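Listed below are the structures to be examined.
One chain, chain A, appears in both complexes that follow, with chain B as partner in the first and chain C in the second.
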Partner chain A sequence: MLDTQAASGEDGYITPDGRKIGGVAMEMRNITLRFGGVVAIKDISFDIRWGEIRAIIGPNGAGKSSMLNVISGFYHPQEGEVIYKGFRRPKMRPYQVARTGIARTFQNIALFEGMSVLDNIMTGRLHHMKANLFQQALWWGKASREEDENRAQVEKIIDFLEIQHIRKTPVARLPYGLKKRVELARALAAEPSILLLDEPMAGMNVEEKEDMCRFILDVNDEFGTTTVLIEHDMGVVMDLSDRVVVMDYGKKIGDGTPDDVRNDEEVIKAYLGVAHE
Partner chain B sequence: MLYREAGDFKTSYVADSQTFPIKFDRVGYYVLLGFAFLVMPLIINDYWANSIVVPFLIYTIAALGLNILIGYCGQLSLGTGAFMAVGAYGSYKLMTAFPELNIVFVIIIAGFITAGVGVLFGLPSLRIKGFYLAVATLAAQFFLIWLFTRTAWFYNYSPTGMISAPQREVFGFAVTGPRASAVSMYMICLCFLVISAWLARNLTRGSLGRQWMAIRDMDIAAEIIGVNPLMAKLTAFAVSSFFIGISGALLFAVYLGAAEAGEAFGIDKSFLVLFMVIIGGLGSIFGAFAGAFFLIVGPVLLKLLLVNGLGWPTDLAAHLEIMIIGALILVFLILEPHGIAALWRTIKEKLRLWPFPY
Partner chain C sequence: MPDTLLFAMEATLNGLTAGVMYALVALGFVLIFKASGIFNFAQGVMALFAALTLVGLQSGQIPFSHLINAAFGTRVHHFGWNMPTFLAIPATVLVMIGLAVLVERFILKHLVNQEPIILFMATIGLAYFLEGVGDIMWGAEVKALDVGLPKGMSDTVDTLTYNWFGYGFYIDRLELWAAGIAAILVASLTVFSQYTKQGRALRAVADDHQAALSVGISLRFIWVLTWSIAGIVALVAGIMWGSKSGVQFSLSLIALKALPVLILGGFTSIPGAIVGGLIIGVGEKLFDFFMSPIIGGATENWFAYMLALVFLLFRPQGLFGERIIERV
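== the complex of A and B ==
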């Protein structure tokens, strides 16, 4: 097993391309998740640092998505704890976790099909809108003001992700690649501290993948958003991420920079494949 | 050619997100409002008020309410009749207990009482979905009607078991009781409808409306991006029941004058309003109007056409009317499963580009 601590002191580290990575944002400590007799995640620990792009890779069924679901509060691990922003996170409902600044996208697109692109992204800004039912009913004071202010924020994200032309289109009419982008926009609209991306490039063609890579890097660059992503395309993962966690059968078999991971015996055996010569 | 948005540039987000972004619609809306408030009171007579206009206005409020619950929040309910009864009995108890209280406040408070009851019967929605929820709300329908017919306190121990509305006035005009004129009945219902529609529109365009729609479209994703399902569903039940309660209070106090829970607010009322919502179009304010128009005004117009226009005997016309309405419902649902509102939307989209669609 690789040693991450060597690469990352308490005060963070500098990436090869010169970005400064901060201290620990979230730490997973000895997480074990079981579904009945099936152990989905077995005693896994790793940390996520402010500003970094952290990838989780592994073969199908390795428990990557389960891990993401633990982070976003959808699954509650039987053992272990999640330390977030320095505090142990109590058992929370998913919507409460979302309020602490964790946003995510889904493996199978989970947009609200009956709503327009704009409404979908505006839904992401839920926590920034505080008007109560009566203010909203009368469209008075806070309600209309907030709608306007948040729309301005949403428009920035729409510009950023270059989806101006589909703003008012019902989501159900969009092609797959654009849906993925709208989903990213919805997650970004929440202005998350940690952004979780579950296979953002699944099912995309090369061009769309390149676009998505650029967006992920730009988001990280522009807003300094800490990003955790699951992805199967090794080229993408190795190019994008600062550090990689490798999982297999619910266990962590590797953790480190892309170069470390690529050269790790165990990782190659389990996932990348051994070259037969 | 008049109906277009090309060249109509919006310079603020407020202007961009307004209810009627196209000028033609906006003008049409104000013309319609002006007609409803200024011209209709002059030409309305007892027959038109009683057989068409007043029930249309009242049922539109109910359809608005149910549309928020089913169309916007995706929670199926069959308890509409019972919630209307809560509004009716609530207004009756308030009218008799506080005779000085203005009828407008009585109706609004009855709406709030219904909202409370709606939340109570909405609690199962947190655990059960779809058809199973519909069956759970069916329990509300039967239980509440049973309660209102069995507990004498609700109808003030009257020997007939009926509730009847005493005369109440707004600005000196009787709006309830036998001496209420067609114009005053029309006006109070119209005011309640216009304000209800405005409130419904505001609630569905803002943050709360988006939470409801998020729950409707994908409840798990909604929860993960931060929608509290408990709050979203219960507010939908509360707001929906509020409107339904108001419509029940109006139906009893203004339109019927006297009512008995089992007869006036039975399960057929639940289905009537449900059909209005489905035929009109789920998730659309306009759909509530269209659905109520179709099911309330449609039969009357058909009868006028058959009896007065073609001179058919009344009994034959009455049977044919039911068959034709039934057939029309089927035709509509086959042509456009998403209701009249969707049909209207398609027409509007085509009109925008007409006559040069390329």
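== the complex of A and C ==
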């Protein structure tokens, strides 16, 4: 990670609360995404820096989720390029993108409902397992050591997100808020370079929201995880994020610190004005 | 010991071994259903196709020879050599893996995110296609399959039981072997799906495609893997049934016997397939033994289906299937 920071040749900045933000981790250059005749994203550029919490906000249908899907490889933009760790990223399938260290959660929770919480989180570590099939089947050689390491990492995350009490529970039985937390745990288990959260607090009550907020901040503090999140709750976004991209009708209409964005004429007109009155 | 009890015990033993043969077929269904939510109608035909390929390779038959002869006026039919079994089986495994790749490339890839019923229809198509290809490739005549498994009455069991009870049980040695092989198969499949990365990925794909992609699992690879394993299980079932009653079209119909097994055991459980098979096997034999004198013979033809019907009424998810939870 340090190498790529150096390679990007840029220094970061210091946040108001004193955290050091690094160089550019990912840069979106002139991204345009169309579905047939509908333009979902129109010529958008922005960057994501190492260690920061970057929010994408905007009214419904602004193209936020589409943008997240471009980053995670679920959608392929017709124009523009994604620069990741200093290199232009070729067209990749979602699972290939995941293997480059980009983990995500989904707006409408995509967990393995039939598996236990522990098993779900373990799937996050699949591509950290290198032992071959026979070693794994026989628990022999590299396999058993790897399994131990992976379990240790997973237990750390389970502790961290305070879900010890449900580790053996099948996910299907969990309430909504806990499912969201398990999904976050699975994404974290991959030890991602960039963590993408698609509306991590959608549909939560106040208490659950506060918990989730705390976890996102703690994760960033503890593991230094670069986080990109989409969120509707303005209060949450302004509290959490270091920098905010504002989208409206597929276009970028604002980009900057929460304070900058809050005072931006166009942003107020498009979004905040409507939301707050 | 009264004779009736002895006969019933013999029937039970025979039922157990016959049940293993049913379970072997059911296993293939469970594997694909678990991994992709598809009920693979072609499983029985895959067993037939695998057995045909094995016999064809063993006897050095030229594939598509009828077609070649018709097209070019030649009269070829055999290469003139016999492939030893220990080579022919791995070669057939390769053919089944090739088949899995083709199924993924030409069917599954184009049906991502479709309703299960559409995928089911596709497998019906595949079944008919494979049946035809099997015929054209290897010919339609009944073939004997011999991979060196022992057949006929087991003398050991006969002597042993004669010494114990004064009455020798008749057990087919082939079915004893089938039981052993099924045990090894199930053990390795369980270890594979529970303890390996690929197994975990396979279960993940079965559960949620999108989530699987997001943790870096390649759906296409997993599908090829699943269908390859199902192909190998089909080969094992094909070998066992083929050795027992010859390789012929009716082999593909054993798939029908797997249906009640699946309904009993649950479509998603490997142990369920085994236990379901055993229950059907034993139930069939015992029912026949006790009821035939009263209601007439041939109960084996319908008993399994009736039992399945009863299960559908009272426990539709099967003995080991995932519980159906209705959330309101």
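Just so we're on the same page, the second predicted complex is superposed on the first by the 264 of 277 C-alpha atoms of A that agree within 3 Å, B and C clash if a C-alpha of one lies under 4 Å from a C-alpha of the other, contacts with A are read in each partner's own complex, and residues count from 1 in each chain.
Everything that follows uses one rule, which is that contacts are C-beta pairs under 8 Å (C-beta built on N, C-alpha and C of every residue); 3 or more make two chains touch, one makes a residue touch a chain.
Note that the structure is predicted; figures quoted are calculated from it, not measured.
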Simultaneous placement of chain C and chain B on chain A, clash or fit: clash
Partner chain in contact with A:Ser45 - chain B first, chain C second, else both or neither: neither
Partner chain(s) touched by A:Ala190 [first = chain B, second = chain C, both, neither]: both
Which superposed partner A:Ala137 touches (first chain B, second chain C, both, neither): both
First (chain B), second (chain C), both or neither touched by A:Arg151: first
Chain B versus chain C as contact partner of A:Tyr95, first or second or both or neither: both
Chain B versus chain C as contact partner of A:Gly114, first or second or both or neither: both
Contact residues common to both interfaces of chain A (with chain B and with chain C): 72, 74, 93-95, 98-99, 103-104, 106, 110-115, 119, 122-124, 126-127, 129, 131, 133, 136-137, 139, 186-187, 190
In the complex, chain A residues that touch chain B: 72-74, 93-95, 98-99, 103-104, 106, 110-115, 119, 122-124, 126-127, 129, 131, 133, 136-139, 143-144, 146-148, 151-152, 155, 186-187, 190
Residues of chain B touching chain A in the complex: 12-14, 17, 199, 202-203, 205-208, 210-211, 213-214, 216-218, 220-229, 235, 239, 283
Complex contact set, residues of chain A against chain C: 72, 74, 93-96, 98-99, 103-104, 106, 110-115, 119, 122-124, 126-127, 129, 131, 133, 136-137, 139, 172, 186-187, 190
Touching residues on chain C, where the partner in the complex is chain A: 188, 191-192, 195-198, 200-201, 203-204, 206-208, 210-219, 322, 325
